[in-house]
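Lettered A, B and C in written order, each chain numbered from 1.
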Amino acid sequence: MTTALSLRNIEKSFGVFKALGPVDLDLNPNERLGIIGPNGAGKTTLINCITGVLKPDNGTVHFMGKDISHLLPHERARLGIARSFQIPRPFIGMSVLENLLVPLDYKHNVHNKEQRALELLQSVGLHTRAQDPSGSLSQLELRKLELARALASDPKVLIADEAMAGLSDTEIDEVLDILMKLNESGVAIIMIEHIMHAVMRFSQRVVCFDTGQLIAAGTANEIANNETVQKVYFGEQTHH
Amino acid sequence: MTSSLDIFLNAISTGVVLGSIYASIALGLAITFGILHIPNVAHPALVIVGAYFVYLVGQWGISPIPAALIGLPVFYVLGMALYSFYSRTFERKGQANVLQSLTLFFGLSLVIEIAIALFFGSELKSVDADYVGSSLILGPITMPYRLLVPALFAPIMISALWLYFNRTHSGTAIRAVAHDDRALSISGINPTWIKRHAFGIATATAVVGGAALIIMGPVEPFAGRFQIGRVFAIVVLAGMGSIPGTLVVAIMIGIAESFVSAYLTPSWSPGVAFAILLLALGLRPQGLFGAAR
Amino acid sequence: MKRNNLIFALGAILILLAGFFAPSIVTNPFYFFAGYVIVQYIVIATGWNVLGGYAGYINFGAAAFFGSGVYLSAFLFNAFGLPLWVGIIGAAALGAILGLAMGYLTLQIQGVYFAIATLGLVIVLETIVHNLPGLGGARGMAVYGPAPPEWSGGPVQYVFFVILIIAVACVALARWIEHSWVGRGLRAVRASEDAAECSGVPTLKLKLVACSISGAMLAAAGAPYPFYTNFVEPVTAFSLLIGLNAIAMPLIGGTRSWAGPIIGAIILASAQQIATVTISSELNILFVGVVLIAFVALAPNGLLGLAKRKSAGTAQ
């Protein structure tokens, strides 16, 4: 079975600071993978290496069996890797609908782009805001727009980078719902999150990062009870 | 009898001295663009204002160096006022606003130049000093004092600034605000106050740079245009924020220009700094001395 | 959408017809002299805006491109006797190459460095023109153009019509870009380059396209100039007023639409024509500089932006 994503020996340093690596990671097709770890552990650096925004010092990235290590970010996006950003980056100055037309411009099999954009907005519950300026959206709406925009390119892999930060419990459930439905339609999802109950509910498999290294992997339950992970989050436990 | 060795030695010495003068002009920009990340393209125009200030004060019989010293507090206040105007115009920060602030300073530089032209006229203005007109002769090297004396300004300023930034409380605060102004405000120091202070210092260096320029030769209101390419080339190549690096790079550029002038023709030398800048941007955008961004 | 295209095409044809028949109706050549400058600035402002407004990359060296177009056109005619339309195409090609080179060298880093590099470009090109033989150096060179065709009504009427054609062509192109996927991609780049790249937008390619088209338009604006003044010299060809106006006009009119540069050019160029006649040219530059600062500080989206804000009312 070809993996959806395959990372081997990925390393990245910024000057003297080693942010990542070496890291080996696989993502299976249609899998729900959670990535946790404290701030500064290298999670976003990893994502940037996968999407091509950063060039790793070493290592390779394979997507659906194909080596994409030398492809530019927009080429990887067109192949089917989509991401949402930690802090939403809507295209300010353009309407909500237009935000979706941007990735749709590079899809050649779509006949009516406005129609498709509206469908996507409907799937995340934003269709009533289609003509509104993207700068006027609330926090939750911005995150939905991020997801909708990522979906517009018909991805096979979606990377949700802290897509639920700053949301209330009901809002978190809404986003989780969207992501679950997406996974059911065949998209593999990597979820980077600090909100533990969301990650644990959502993920089939969880990996934990600390100081640029992958320190633990397993099911949600295994990770929750893993001593190394607990130490990383809560410090040394003096009682046993 | 001028041998080729003579030409070579003179080209180098002229280059070093010229580079040092360029450094005194670029220093203020090294602070505002290099440390504060404010792309103050109006700085060369401010240097010209400094030159005209020295000229004006010279009309009352005060020679250039004391004039520049008198100018220091005046320009410090001017710099603070400029920063206040700038920060009030751009409350929020963001990518688009970097380019908007560039445009603001560009417009400002033009207004400054025109104002000088309207006030002083467009003819060349110069200053007198005892040493202007004679030269120091060291073996094969002839060094006019009008170049040698202003060349001393930059090393003095840089040493003073280095001591200030590394040994004093407020100087360290300026370096800190460049890295993280939120952390600075948490530690009780107002980042806006510090930045305004830094901008004031940067503008104060402009009057010294202006003095250097007008001692070297006569100036006209639009002389700043020719310095912009050089000055940015120096700051970018030195690696944003490296104050001592400014002098080293400036001297390198000065020598390059001097060689082009001596061995090719003087009329090509304005383009040298820009060509170097483009090459450097293509190869090493983080400069020669600075940290990688 | 189709109807709007038809309306625009009709408007363009009407304008061209008006320009063609103008010499028979307007007898005072002064209007053609003044009109040339205004229409020339429409081209300059439109060209600048393709990169500056649509993509958000500020070019401070528009004069470099304009001056290059002026000199290439003058040189092609003086040295080889090539007609004006060859000069226009040549200038556009040169401008495109120059824009491409500038973009390729600087756009892969931050936008600030592109802007800074454009600052130095004017001095460099002026230096090159000073030093290249056959271009007249600092003293400049005269260009005695061919006799204008019979139907045009005179030399200045002829160049006026030529610059009008260039303007209509450039505005049509800018409008097409704005409404196409190219314009949308550029707007995305302007809003958030990283997000655009990760959405599949080939950001570098689009920026380079914008650089080339912008450079081509700016240079094309300069091509008829030698035949307008019959004399070219570096100071006016690379004048700082051109660079300043190139930024101020789109800023005043509104950078987000093809109509903004036109509005800004007409308002500012007319004001300057009146000003140069009544007050001094230095005060003219001062006025433009102050207006530029005022608009950057208070109304960065220009007059069109203000109008949009007013009509949107409380729905902000």
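In this section, a contact is a pair of C-beta atoms (placed from the backbone, for glycine too) under 8 Å apart; a residue touches a chain by one contact, two chains touch by 3 or more.
Here the structure is a predicted model, which means the values were calculated and not measured.
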Top chain pair, ranked by how many C-beta pairs fall in contact: B-C
Counting only C-alpha atoms to place each centre, which chain is farthest from chain B? A
Roughly how many whole angstrom separate the Cα centroids of chain A and chain B? 46
Express in whole angstrom the distance between the two chain centres, defined as the mean CA positions of chain A and chain C. 43
If you average the CA atoms of chain B and of chain C, how many Å lie between those two points? 32
Touching two or more other chains - residues of chain C: 190
Interface residues, chain C side, partner chain B - complex: 56-58, 60, 105-106, 109, 111-113, 115-117, 119-124, 127-128, 130-131, 190, 240, 244, 247-248, 251, 282-283, 285-286, 288-290, 292-293, 296-297, 300
Of chain A, residues touching chain C in the complex: 51, 53, 72-74, 77-78, 82-83, 85, 89-94, 98, 101-103, 105-106, 136, 149-150, 152-153
What residues on chain C touch chain A, complex-wise? 181, 184-185, 187-188, 190-192, 194-204, 256, 316
With touch defined as at the start, can you tell me which chain B residues reach chain C in the complex? 39, 41, 89, 95-96, 98-100, 102-104, 106-108, 110-111, 114-115, 117-118, 222, 225-226, 228-229, 232-233, 236, 265, 267-268, 270-271, 273-275, 277-278, 281-282, 285
